[in-house]
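This is the structure, below, for whatever I ask next.
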Amino acid sequence: MKILVTGFAPFDGEEVNPSWQAAELLAADPPPGIRIQAVRISCVFGTALQELRAAVEDAGADLDLVVCLGQAGGRTDLTVERVALNVDDARIPDNAGRRPVDEPVVAGGPAAYFSTLPLKACVAAARDAGVPASVSQTAGTFVCNHLFYGLAHLLATEHPSVRGGFVHVPYTPQQAAAHSPTPPSLSVRDAARGLAAMVATAAHTTVDLRVTGGATH
Amino acid sequence: MKILVTGFAPFDGEEVNPSWQAAELLAADPPPGIRIQAVRISCVFGTALQELRAAVEDAGADLDLVVCLGQAGGRTDLTVERVALNVDDARIPDNAGRRPVDEPVVAGGPAAYFSTLPLKACVAAARDAGVPASVSQTAGTFVCNHLFYGLAHLLATEHPSVRGGFVHVPYTPQQAAAHSPTPPSLSVRDAARGLAAMVATAAHTTVDLRVTGGATH
Amino acid sequence: MKILVTGFAPFDGEEVNPSWQAAELLAADPPPGIRIQAVRISCVFGTALQELRAAVEDAGADLDLVVCLGQAGGRTDLTVERVALNVDDARIPDNAGRRPVDEPVVAGGPAAYFSTLPLKACVAAARDAGVPASVSQTAGTFVCNHLFYGLAHLLATEHPSVRGGFVHVPYTPQQAAAHSPTPPSLSVRDAARGLAAMVATAAHTTVDLRVTGGATH
Amino acid sequence: MKILVTGFAPFDGEEVNPSWQAAELLAADPPPGIRIQAVRISCVFGTALQELRAAVEDAGADLDLVVCLGQAGGRTDLTVERVALNVDDARIPDNAGRRPVDEPVVAGGPAAYFSTLPLKACVAAARDAGVPASVSQTAGTFVCNHLFYGLAHLLATEHPSVRGGFVHVPYTPQQAAAHSPTPPSLSVRDAARGLAAMVATAAHTTVDLRVTGGATH
């Protein structure tokens, strides 16, 4: 199995991005039988999609799976995103100073794509490894969702045999220590451990578990 | 202008549903020049969509707008939903005991529909009236999202000139007083006041404000 | 029965203070058989205690009860404070620009005073009136706690027959509408209704209910 | 320097208590020049105080410092408690099924004791080590506060040269993975690292930093 894992550059005044730290750790110590290529993506609308396309092309024809990672400061656990929306609506500027409002990621694209990862199996695998995880119903409307939508559109239109999805990672304890009031955190070590369990599960699971991961609102 | 406003029956052990209380108050005292028909919808997958279709047909050919309301216990403000997803994933049973997991609302329907309300103008109108409001990126995966998706699909496929959307309403103070720890709340009176401002705005606004209502995740 | 109720001037950039708005409403429409005198207190360390002392002296010898109110932006309900601490530790400047750090309210005073209001009976009374309320284990270390400690010390040392306590009030919906993300709120009308139930209960209750209002941490 | 560190037995349905896990790790790998004795305390009103007294006596005349630890499920960081209250008010039963309501920890004792740890220096030391920490204004009214008050009373009345305090520890990621929605967590490894920094600082610091650790409410 060959898996592409992406993480983001730091943004919003942070010095690190735990999604990239976790991607590097994951690539350095992948689950047995799995090759992981880690690529760092710019936190810039548009540019991020160009870099993703290049990374997918570099990965070659034997690519099985793409898992994009992003930082979700304030969340408590690894969150496997259910859906990517065809909208950019930036509450803060990206790293190039862009702030699109209610623009499509892909003009003429469908309103949304569902993740093709086995969401509930991934959550269960991380929890079994002692790492908190849950399904998320929204990846936001910033560069994370932008990349997720771009990935889903790219795979659906040009690489239909490759599955893909997005997982959000909390702040690290080091990042949390610099904020007040203190937000939740998860160590990069634990994040990478949970992601390894998810990636190994996603690699071998095509039919998801029939357990709820829903929200009443 | 003729507007259909729906609210839900109580669910999850509550004795009231503020979405229906607010819908009744709104219909009893509508904004000038607007006729509002309030209809109560069952909190039951499938049944809710049949009742909605009947209400839309009853409303007749001069229907301009449909605004569905639902309870979002735990939220702090009126939340105008951006998008409806084609998925049912019930964390708790509905009022008929059904708990679908990862089933489509409409088999073969698109992954999602965006609201056709002017989201940001509605939020601004409520805030101007002194009622807290914001854009929400997820309506969950329970009966509220089910109804919202069903509405959007019905309008898109059979009533393309009618616009529609969904707004979530917090618990009332009375409901909050029965929970521990105390969740946030908003009085029905304030909710109805904010919804009146939203409905009046939506009735007369087709091009939305260009202000952010996005989320980084 | 004669009750002194104090509220605070606006602080921290707010244009109103719901504690004063609620105090005025309460004084204008007191519970039967109760006279309420409402006094506005400056949000300034030291000055607040001088104004409180003057208000207690003005109230005269037939004063039965003093209930001080303050704004607790971010809380969801009326919170009856259990204890006042002999410490000032200002996270933000007061209205005169003072920021004491770890100074005693009263040099040589005891570490803390417990409220002499019937905490649990007050909470139950507000809830019975449909207004959310709970016991709080901390009034913070800013001017609210400062006033509460000053009140408790004044009553304990000079007016031992007068009982007194402190209740925190959430933001109003209007205040909440100006913050992002939206904090919880309670209308002044509902706050005053809950406070009326508390004040009437405190006036006639000297032995508290034996129900828990505790916290595990 | 000789330091007694206590942790609690598991309670409230948990299989572990991170306060004890961290205490063990800390004792196994203490900061240079510091001897740490770790003792596990029962989560039982009354019994906890007997066990603490025995542990202090066992530690002998050269004991310098006592730091008691407890679990605070839901908190995001290491929280150094400012004050212990003379009240037991149990929201849930302790491990012996006892649920005291509004009873004093020590009949006739003062309302509260302040921690004699350098609170702000401890917080700063943990943050410098990359571990999130903050001052807490309340240790609750359950067995943690009970032990903290009992410790403070014991030291004040019988061991005036020994300083002492209390630090709350979040859930571990493993614990958090078993709750829904997922609460915040901190790994035992990170908790122990932050506590080592705190203990080393407390051992050598008698005058605290003049920085705020306060709360507006």
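The first chain written gets the first letter, and so on, giving A, B, C and D; residue counts start at 1 in each chain.
Going forward, contacts are C-beta pairs under 8 Å (C-beta built on N, C-alpha and C of every residue); 3 or more make two chains touch, one makes a residue touch a chain.
The UniProt protein names, listed by chain, are A, B, C, D = Pyroglutamyl-peptidase I.
The shown structure was predicted, so the numbers you read here are calculated from the model rather than taken from an experiment.
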Going by the stated contact rule, which chains contact chain B (Pyroglutamyl-peptidase I) and chain C (Pyroglutamyl-peptidase I) alike? none
Taking each chain's C-alpha mean as its centre, the one farthest from chain B (Pyroglutamyl-peptidase I): D
Between chain A (Pyroglutamyl-peptidase I) and chain B (Pyroglutamyl-peptidase I), two touching copies, which fits better, same or different residues at the interface, with half of the numbers shared as the threshold? same
Chain A (Pyroglutamyl-peptidase I) to chain D (Pyroglutamyl-peptidase I): how many Å between their CA centres? 37
Could you give the separation in Å between the centres of chain C (Pyroglutamyl-peptidase I) and chain D (Pyroglutamyl-peptidase I), each centre being the mean of its C-alpha atoms? 30
Distance from chain D (Pyroglutamyl-peptidase I) to chain B (Pyroglutamyl-peptidase I) - Cα centre to Cα centre, in angstrom: 47
Building nodes from the protein chains and edges from chain pairs that touch, which of line, ring, star, complete or other describes the result? ring
By the document's touch rule, what are all the touching chain pairs in this structure? A-B, A-D, B-C, C-D
Residue set of chain A (Pyroglutamyl-peptidase I) touching chain D (Pyroglutamyl-peptidase I) in the complex reads 76-77, 126-127, 130-134, 173-174, 176-178, 180-187, 189-190
Partner chain D (Pyroglutamyl-peptidase I), residues of chain C (Pyroglutamyl-peptidase I) touching it in the complex: 12, 70-75, 82-83, 85, 87-92, 99, 101-102, 110-114, 120, 137-142, 144-145, 168, 208, 210-217
